[in-house]
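I'd like to ask some things about the structure below.
By letter and in written order, the chains are A, B, C and D; residue numbering begins at 1 in each of them.
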Amino acid sequence: MANPAIYTIRRETGATPAQHIEVQRRSLIDAFRRVRAESDRRAAPLSAEDQIVQSMPDASPTKWHRAHVTWFFEQFLLVPHDPGYKIFDERFPFLFNSYYVAAGPRHARPERGLITRPDEADVAAYRAHVDAAVERLLESVAENAPEVFRIVEIGLHHEQQHQELMLTDILHAFARNPTNPAYDPDWQSPVATASTEYVTVPSGIRTIGHDGEGYSFDNEHPRHDVLLQKVRLAKALVTNAEWLEFMADGGYATSSLWLSDGWTTVQNESWRAPSYWRERDGRWFAMTLAGQRPIDPSAPVCNISYYEADAYARWAGKHLPSEAEWETAARSGLISDAFGVLWQWTRSAYLPYPGYRAAEGALGEYNGKFMVNQMVLRGSSHATPAGHERVSYRNFFYPPARWQFTGVRLAEFV
Amino acid sequence: MANPAIYTIRRETGATPAQHIEVQRRSLIDAFRRVRAESDRRAAPLSAEDQIVQSMPDASPTKWHRAHVTWFFEQFLLVPHDPGYKIFDERFPFLFNSYYVAAGPRHARPERGLITRPDEADVAAYRAHVDAAVERLLESVAENAPEVFRIVEIGLHHEQQHQELMLTDILHAFARNPTNPAYDPDWQSPVATASTEYVTVPSGIRTIGHDGEGYSFDNEHPRHDVLLQKVRLAKALVTNAEWLEFMADGGYATSSLWLSDGWTTVQNESWRAPSYWRERDGRWFAMTLAGQRPIDPSAPVCNISYYEADAYARWAGKHLPSEAEWETAARSGLISDAFGVLWQWTRSAYLPYPGYRAAEGALGEYNGKFMVNQMVLRGSSHATPAGHERVSYRNFFYPPARWQFTGVRLAEFV
Amino acid sequence: MANPAIYTIRRETGATPAQHIEVQRRSLIDAFRRVRAESDRRAAPLSAEDQIVQSMPDASPTKWHRAHVTWFFEQFLLVPHDPGYKIFDERFPFLFNSYYVAAGPRHARPERGLITRPDEADVAAYRAHVDAAVERLLESVAENAPEVFRIVEIGLHHEQQHQELMLTDILHAFARNPTNPAYDPDWQSPVATASTEYVTVPSGIRTIGHDGEGYSFDNEHPRHDVLLQKVRLAKALVTNAEWLEFMADGGYATSSLWLSDGWTTVQNESWRAPSYWRERDGRWFAMTLAGQRPIDPSAPVCNISYYEADAYARWAGKHLPSEAEWETAARSGLISDAFGVLWQWTRSAYLPYPGYRAAEGALGEYNGKFMVNQMVLRGSSHATPAGHERVSYRNFFYPPARWQFTGVRLAEFV
Amino acid sequence: MANPAIYTIRRETGATPAQHIEVQRRSLIDAFRRVRAESDRRAAPLSAEDQIVQSMPDASPTKWHRAHVTWFFEQFLLVPHDPGYKIFDERFPFLFNSYYVAAGPRHARPERGLITRPDEADVAAYRAHVDAAVERLLESVAENAPEVFRIVEIGLHHEQQHQELMLTDILHAFARNPTNPAYDPDWQSPVATASTEYVTVPSGIRTIGHDGEGYSFDNEHPRHDVLLQKVRLAKALVTNAEWLEFMADGGYATSSLWLSDGWTTVQNESWRAPSYWRERDGRWFAMTLAGQRPIDPSAPVCNISYYEADAYARWAGKHLPSEAEWETAARSGLISDAFGVLWQWTRSAYLPYPGYRAAEGALGEYNGKFMVNQMVLRGSSHATPAGHERVSYRNFFYPPARWQFTGVRLAEFV
């Protein structure tokens, strides 16, 4: 459950502090190269045109993602910690800051798709410039190594988050293109466990939150006790076949199944199936990273909003799990497909853990200021970069959001 | 903390079941008359013109409130349980259903202010017609008495909720009237306890939710255990004087104090003070039920949104209480002004208690379908009818809402 | 075609200037009483509730109309010309100024329906106060009589315009009330001439615009020559029976019949019949001042937008008349129902006549600033007060507007 | 004033009909190559990224323009007139139809910027495919030559219109890019005549509209007589220096100078200078095709809306010319810079000439359906392709539009 694929600050037995620093340094340089390369790998199937498009304010162009994660290293690492560093382009901080108010003014989010210049080649050069500077700093930093290493590690986890968004955002754009482009014609839907079994979650006082091994975001803290009721969780995720039953039973037309805000959304948006589904001559297809494909009944249903997940659970006579139930079950290995298939909606609102305080400064804006109006998702998806997932990880989206790789796991009270 | 002022189904010691029914019958008829009269008393200072105005989609005209609570008795009590009952006007169910989808189609909420006909006199006649029919039914019902009594009791608590809204909604309308009308020139702001003390809430496993004595709504169930961290609650509510300090310290201009959605609201709505405050020649006034009045520094700050309450708490280095903390402290009588002054924002999202299921049928739409995107408020306000408040009561509004009588109590983790 | 019913400044043969002034004075006092009484007569069927409702930003409450026309006399007559006049209420100029920027700040137009106080009785008292002051001034004014008389006359024509709006605006509100209230159950649709005849309009150089007899607004000036092509105008207005043929032929579903902006409106607003028409069990009804009534096939079609009038003309292989053609035909008495039935859309955009200049000061805002984006209507309707109509009169509304008493007369080029 | 640069169907003296066809054929093939090449020349400075961006619904991506004008030839020429023609890509008609309802369903206009695929190379191939087919058809057509030639000619004029839009639309996008990209760093603002002279336009009955020589659009017909008042037109266009005076005199802050709809726009859009002007440290700059440049006081003011042109004229104590006045003056060569500098707003609404009827079929949608809510502009701009302009040409835009190369010429009544 930890995330060894990136880098973990773990003291080697018997190593001196200096040796420990050197091990970390090598490991982190290696991780930096791997993570940065993964961004380029994900952008590679996309033309410069593809990389500029922004299909809604919540989605960003690929080019912007590539530049923004680079700016993150420039802004939070190089500028404060590399005295010799020269800003690549004075205009970039304005263009590629996302929402860090403390880091200065920003370009308007809905207008990211208008920034055709700097062009894709400029952004590639920006990446190379910053990569070289970061590697130089990592190689040379001495006294300040722990702080530098800490920021690089944050930057890598941050970049991994954007790697997932690169895929969800381009899929959103392609889904609005009448020609149904494929991001990768060979892309395969994740294979999930088939099971109708429910497993009992250990009840009573349990501890959740990050346990101190490996990387974590601030929203996973403080680790704290929770009191769990008796509850059972589905071993498997809800499938497309099950979702088709919900649809056939009038799920999208039955107001009593829906939260009031959800029902308003269903009507305003004319929802009658998951986000990227289309009916053609009586058959259902979905827009995927491989282009338009027939629905696979055995695959887990995907691109589901919280409103839909909640309505489905009500229709099924079940509930969604709380995030504490989910984490407890996942820690015990009780459930299948906790990671690597689809993010799983919980019935928990995204709120601070008791005693949570955001960090000082701009990096304190990372998580805490979003703790209202959103619901927690747990696990990870097939688009999550290897090693990014973790059992205490808290993802969060607004209840109507459907463009993420989101699915449903059910729960029932005993 | 119970609500004896209305009516409670409580078996008298030594009474036969038949005697018990008769006691209940008398008590309920009395309660019915008192609650219905209170609605008329609250409408009395308002002209027919005042009673038709709707100043925003979330607020309703007084006349509509008066008719809607009457329709509630007609729809859920008289139609199913009084075979001889004749609907007062066939057009009224369409006009005065609020949101009960199962009870049939409804007039659009934002257009309630257009219904000048039926007029105020028609609605008064509607009330009299339904009052007479309800009293006849209450006097005569035999076999079916428990079910009839149960529905009447729901109807009375429902009407009490609208009695509070009658005041909040007309204040909203009057606050947008440049002539600053007074609902009641003699109305007085509630006097609150002055204290800077914090009291320790009992930690560990505690039980919250309704305990079976007296009336309750479904959202207060199931009663269940929660695990409380060590926390202290302010004995008193935040005052206007304290709020002025927050404002003087740039509270409304400091993005780092705000949740991201809250900051967006501050900017879009140009918030720089609580909802009904206005600056005149460097002094602050507020629009109140008595018209425009100078700010009283010692009074508790009122008409505060969740976003503002949360920002203030962050500025003060504190938190808001959770609803479980609040309920535990209030059950122990640790805090002042739990009731009768202002509703108090908690940091708890409005979600179902573990295992909650809404009732079947239209009355099942009462609470459950609103359990997303809103925050819980606890206590009651000076506008809450006597006897309506209770320690397990869960009120809820959207985070930007400011037209309710809402205030702030702080918490701190130990 | 002149408007004798109000008042005309016309020198009597053989009268001395002083005698002439006295004749004018008596005539104007009489006109003032008649016009003011007509406003009250039109408001009489409406309750205080009815008089406060505002069903859209373009429509105003009856109470507001009654106060606004009164403010007009206070603002433009009494304040500048009656040294002893005392403003009735210092808050009223803000509340009841419509759009005269030069006359000071104004309450927001879409919020007129929120002003429940001052109430209906306050407005009645305002009217009485101003009436008395105007009459006193009219009786006593000497040296300044011509200017005072001129402003009173403007004020009366202004009030007559609002008298028509009182009816169109309350009909709009009642049409959105599911109970279909009647303004006047005995109201009768105007009887129009039945004819399929087209009459030839004199072509060549013609003169249009006001000719100096009787009252006129500035937009009817300067009188000027125009060059008319050979054109024929329908003697009669288009009827409901003809409109039903247009509908049956797919008129509302055939994009090629519509202007592009019109077609967008048809789709966005789901137009499929004139504004207040509703289909019930296969039959068409219309909401009228008498409540909901079956469509009368022989009556002229009413509540038609410019977009619909234009589409109908295209469908019929005809055009709409230009305002110059209409005025020339009406001056020659060639056409029926020029006045008193329905306003008639022309194909002329509302633009200044060559050399037009608005008056100085606030009264210069009366017409000129609206000369863009609107189309001219000619004639008058059954809701136009007696004596207000005139052959050079230019009415104007935006192309999608449908809440006025508007109809269609066709034209064809020869 | 005619447009020899493209192609004109003009019978050569002494030629046989067959010889005439051959002359036309050669001339038209030559024109086709020149016009098509000009589109590519205008796109050449733009990367694939630049060519996909759509900065507002009214502006289109360069790539879309290039494909749309190509689809026009495919749809209206090749499909009906070349039996052997094979559609390049079955998906393109849906993607690249603009607004021709009769030509089938269309992609939503505001989503043109999302079509990253087909990519820029696909569109280049589409152009080559259609070019080859058109040239083959032009070379080989015999019996049907007049109809084919007519459609090709329409297609070329249509493409020239889009060539101007390619520049106005990319400038709009670049102006919203904080890095101020230059379309062409060497681009020069047009040099205009400096003069304060007013010239008298011949009054009385004049004839306007297309006179039958050379190409014309349907909206220039029928040629007809108009009656002109006595009026004088400014020889020169209003300059930036004059506009700065208007600004310094509070032009954008004085409501009495503006049409009511214009004043609403000024306030809602916070206009305080022409569209692309920005103040930096007290100096004014404008975004131009050469990037951001200091304002040249002697250059004609550009990117002006009708509302601004009208307000400026009122401030100056003048009017705008009518389109008939403009055309009469331009036919007589009385005014400078009629063509090739900036389009000139007239005070004429865009309406059909008397007796106008749109053509049958999809090409009938070209002009007529836009004849409402827009104002006529006359002349041409520096972005208009050589040979496209003509004295009877009627351009039209909505009154608030500012992204075209639009300027102001004044008129005064005598």
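Here is the rule we use: a residue touches a chain if its C-beta (ideal position, glycine included) is under 8 Å from a C-beta of that chain, and two chains touch if they have at least 3 such contacts.
Note that the structure is a prediction, hence the values are computed from the model and not measured.
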Worksheet item: So if I superpose chain B on chain C by CA, what angle comes out, to the nearest 5°?
Response: 180
Worksheet item: When the centre of a chain is set as the mean of its C-alpha atoms, what distance in Å lies between chain A and chain D?
Response: 47
Practice prompt. Could you give the separation in Å between the centres of chain A and chain B, each centre being the mean of its C-alpha atoms?
Written response: 38
Discussion item. Using mean CA coordinates as chain centres, what's the gap between chain B and chain D in Å?
Written reply: 60
Worksheet entry | Residue list for chain C, restricted to those that touch at least two other chains | none
Worksheet item: Which pairs of chains touch each other?
Response: A-B, A-D, B-C, C-D
Worksheet item: For chain C, which residues are in contact with chain D within the complex?
Response: 99, 101-102, 205, 224-227, 229, 231, 255-256, 258-263, 306-307, 310, 322, 347-349, 351-352, 354-355, 364-365, 369-373, 375, 399, 413
Response to the item:
Residue positions on chain A within touch of chain D in the complex are 47-53, 55, 63, 91, 94-95, 107, 111, 113-120, 173, 176-179, 181
